[in-house]
C-alpha cells in the first residue's frame, strides 16, 4: 500500500526522538569543552622528546641526535643539529645530544613513523590538540625546550608503552652495569695476579718532571 | 470578538475581560478602533513569537531526532537563538541587483508577508475569539492564501535572473497544483457544516458520538480522508519537506530567493512559517474541532488553550515529517497532486455527499454506512496508489 | 565536443536527448555545478548542459585536490609513502594501506603471519562498513532528507572510528599496515569491543533499512535513475559495488582470493538494472555480508606474531622489478603499481583510483536525466576526491 514505507520511517524517527531523552545511545553529543571524551591510550598527535628528569630536561634527553627520525619523516618536518660534545646517557655511555631539535607542527602529520624508527625510545607521541597559535612560524614551530617532557608525562599518557619502555631500558641498564662490573672484576682479578717486572715498572708511578 | 457568556469559566473570559477593561477606559466612538488595534497587536505578537520559537523548536526537534541537542548555547536551552538569528538577519547587507525591478523586488516579500498575515483574521482561536467573524471565512482564507503565490512569482521576476525566474515558475507550478486538492478537501467540511463561516464550522462539531468520541470532522470517514489530503496539500503549499524543492539546498540556486539577502530573506521565511501556522490553524478549525475539548472532563482548560495545543501538535507533525522524508522531484510532486490527490479529493467529496444523505441510517445500518464510506475512498486510494508507484517497488537481489 | 561527435553511446535505449541549438528549440543552458558544492563530495565540478531540465552533456572537472601523491612517492621511502596512502581515499585508510602493503610485499617477497592477515581482513571489513554507511547517509542527504539518515550513519560510524583510534592512534589517518604485517597487536579488549560492534551493527542496519529501504520517496527518486549497462561498465573499467549493481559478479576478494578470504563464508550481492537504487541496495547487502565476515574472523583469529619478525622496519630496498597489488576496497578495485630500481624509493609509483575510473562514465549515466537526478547519481557513484585527484 502506498505510504507504508513512509509511516515506518516516521516510526524510526519518533523512536529516536523519544530515545534521545533517556540514555546516551540515542544522544551522542559530547558538549565540548565542558565535557571531554576519554582519549584512548594509543591516540597520537604531534611528538615530544622524553627526558629522564624534569629538573634538568636538556641534560637528560634520551635523544642522541642519530637523525634517523629526521631521515624517515615523510613530510620532513624535523630539523636536528648534532652537538659538538658528548655527555653520558642513562647507561653511562658517552653520546652526542641534539643542540637543535625543531619540529614544525604545521607540517607534521602525526604519522608516528619517527616514534617507530627511533632506536632509543627518545621521541614519543603526545596527545595535544589544543595548541592553536596566532602565528604560524613561531607559534607552531616547537624547539627542543618546548618538546622536552618528562618520563612521568609519558607514563601519564601511555602507561602500557611507558612501562614496557622503562622495563626495557632498565634491563639494558642492568645489563650494562653487569658488563661494567664484570669488566671491573676482570680488571681487578688481573691486578691481583703476580706480575712481571716490566708490568710492575709500568704500573709504578712515574717520577714527576722537574718543576719548570 | 463577541462578548462572553457568564457561564464560561474565569480563564475563558479572562482575555476578554482584559480587553474590555482597556476599551472601557476609552470613549464610545474609539472603542471599535481600539478593539481592532488590540486584536491586531495581539495577533502579530502571538504569531511573531510563535514563529520565533517555532524556528527554534524545529531545530531542537530535528536535533533530537538526529541524536544531538540542537542549539543550546545561546541562552538556556538555546532560547535566545531566534533573537540571535534576527539580529544576524538585520545586520546583513541588503543587496539589490541594479538590473532588477526595484519596486517589485521590495514589494514581493512585503506582499507575501502581509497576505499571509491577513489570513489569520478568520481563524477562531477560542470560543469568543474570532478576529473577524465573516460569513464566508473559509473562502476569504483561501483567497488570501492563493494571493501569496503571486508574490513568489513577483520575487522571481523582479530578480532579473534567468535561473531565479525558472525556479519561481517551478515553485508556482507546485503551489497551483496543490491548491486544488487543498480546496477540494475542504468542500466536504463546508457541505457538512452548511456554512462557510469558520466559527460556524467549529460550532457544527459540537457534542460526542456514543458519549466518548467527539464529533470532530476528522472522526468521520470523509473527514479522515479529507484531513489527510489537506495535510499533504498544506505541506506542499508551505514549501515544506518533502515538497521543498523550491528552496532545496542541493539544487543549483536558492530558487526564487536567489537575489534576496538580509531582512528581506528573513521576511520570506517568516511568511513561509506564517503560512504554515495559518494552514495548521485552518486545519484545526475545519477538521480537529477548533477550540473544542476532546473530553468533557477536560473542559477546564480554556478554549484558546485547546486550540494552541492542537496547533502545536500539527506543527510538530510538520517538523516530524521534515525530519524523516527525502525530497520529491518536481515532476513526481506534480504527478502526485494531479493524478492522486485530486481524484481522491473528488471521490472524498462524493463520499461526503453519501454520508450526508445516509445520516438517517440507524442501528446495524450504521456499520453498512461506515463500510460503504470507507470502501468508496479506500478502493480508489489503492488503485491510484498502485498506478502511481508502477515501476517502483522493493526488489530482491541475487548473489554471485 | 560538437553535437555530431557526441558519444555513440548516446544511441543507447533510454537516452532521449535533444542536443539542438536553433531558433525553434532555444538555447541550451550551461551550468557549472561546483567546485563549492552543497552536495558534499569534495571539491568537484560538473559542467552540465541542460535542455530545460534534461541533461544533454556533462563534463566532470576535477583536479582541485591534486596533491602530487604519485610524484611524492618517487622521492619518499617505501615506509614514508604509507601515511600518504591514508590520505587517498581518506574515508578508508585501512584498505588503502593494505593495498600498498600488498604491492610492496610482492616486490620484497615478504610473507605475512596468519594473525596479521586476520587483523587485515577485520579492519578491511570494518572499513567497508564505514564507507557504505557513509555513502547511504550522503546519498539520502543529496536526495533531500534533511540530515537524519546522515546523522544516524555517522553515529554508527563513530563506534568504528573509536575502534580504529584505540588500535592505531588515529581515527582516519591510521598508517597501520606495515610490510610483513601490522604495526601494533590488537589487545583482547579491542577484539572484544569489535565483537560487540559486529554483533550490534545488524540491529542498526535493521533500523536504517526500516527508515529508508521501503521509503516510497527514496524508491521514486532512485529507481530507474542513472541506469548503467553491464557492457558499458565492464568496458569502462568500473569496479566495486557499482559494477556489481549492473549484474557483473566480479569481486576481487573472490577472484584474486588474496589474504585469507577463501576461508570465510560470504556471498557477493548483485543487482540487475544498475540504477541508483541497485547501487544503494548492493552496498546495504554488502554491509550485511561484511558483518558475517567480521563475526567469523573475530571468532577464529589465531594467536601469533602481528608482524613478521624477519621484516625490515625501515630502509627497504626491493630488488629491481615491478608489482601490482590490488584489493577489493569499499569503492572498487584499489591497486598500487610499483616499479623498483633497487633504490630506497620506487622508480614509478602509480595508484589505480577506483573513484576516478568509476567517474569516467558519469556522463553516460546522467544523459537524459534531470539535473536533480544528476546529483543523486553522483552520490551513488561514491567518490572521494582525495582518490580521484590524488
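The letters A, B and C name the chains in turn, as written, and every chain counts its residues from 1.
By our rule, a residue touches a chain if its C-beta (ideal position, glycine included) is under 8 Å from a C-beta of that chain, and two chains touch if they have at least 3 such contacts.
Only a predicted model underlies this, so the values are computations on that prediction, with no experimental measurement involved.
Colleague: If you connect every pair of chains that touch, what shape comes out? Choose line, ring, star, complete or other.
Modeller: complete
Colleague: Does A-B or A-C have the larger number of C-beta pairs in contact?
Modeller: The greater number of contacts lies at A-C.
Colleague: Taking all protein C-alpha atoms shown, work out their mean, then name the chain whose own C-alpha mean is nearest to it.
Modeller: C
Colleague: Report the inter-centroid distance (CA atoms only) between chain B and chain C in whole Å.
Modeller: Computed value for the inter-centroid distance: 44 Å.
Colleague: CA centre of chain A versus CA centre of chain B: separation in Å?
Modeller: 65
Colleague: Report, in whole Å, the distance between the mean C-alpha point of chain A and the mean C-alpha point of chain C.
Modeller: 36
Colleague: Among the residues of chain C, which are close enough to touch at least two other chains?
Modeller: 148, 152, 155, 211, 213-217, 219
Colleague: Going by the touch rule set out above, which residues of chain B reach two or more other chains?
Modeller: Within chain B, residues 65-68, 323-325, 389 contact more than one other chain.
Colleague: By the touch rule stated above, which residues of chain A touch at least two different other chains?
Modeller: In chain A, residues 2-3, 6, 9, 12-13, 16, 28 touch at least two other chains, as defined above.
Colleague: Could you pull out which chain C residues touch chain A in their complex?
Modeller: Residue list for chain C touching chain A: 76-77, 79-84, 86, 148, 152, 155, 158, 162, 165-170, 173, 175, 183-184, 207, 210-217, 219, 313-314.
Colleague: For the complex, which residues does chain A have touching chain B?
Modeller: 1-3, 6, 9-10, 12-14, 16-17, 20-21, 26-29, 31
Colleague: Any idea which chain B residues touch chain C in the complex?
Modeller: 62, 65-68, 162, 241-242, 244-245, 248-252, 322-332, 389, 391-395, 397-400
Colleague: Which residues of chain A touch chain C in their complex?
Modeller: Those residues of chain A that touch chain C are 2-6, 8-9, 11-13, 15-16, 28, 39-44, 68, 72-74, 109-113, 116-117, 125.
Colleague: Which stretch or stretches of chain C touch chain B in the complex?
Modeller: 29, 31, 33, 38-39, 53, 140-148, 151-152, 155, 211, 213-221, 223-224, 244, 249, 251, 254, 267-272, 277-278, 281-282, 285, 370-373, 375
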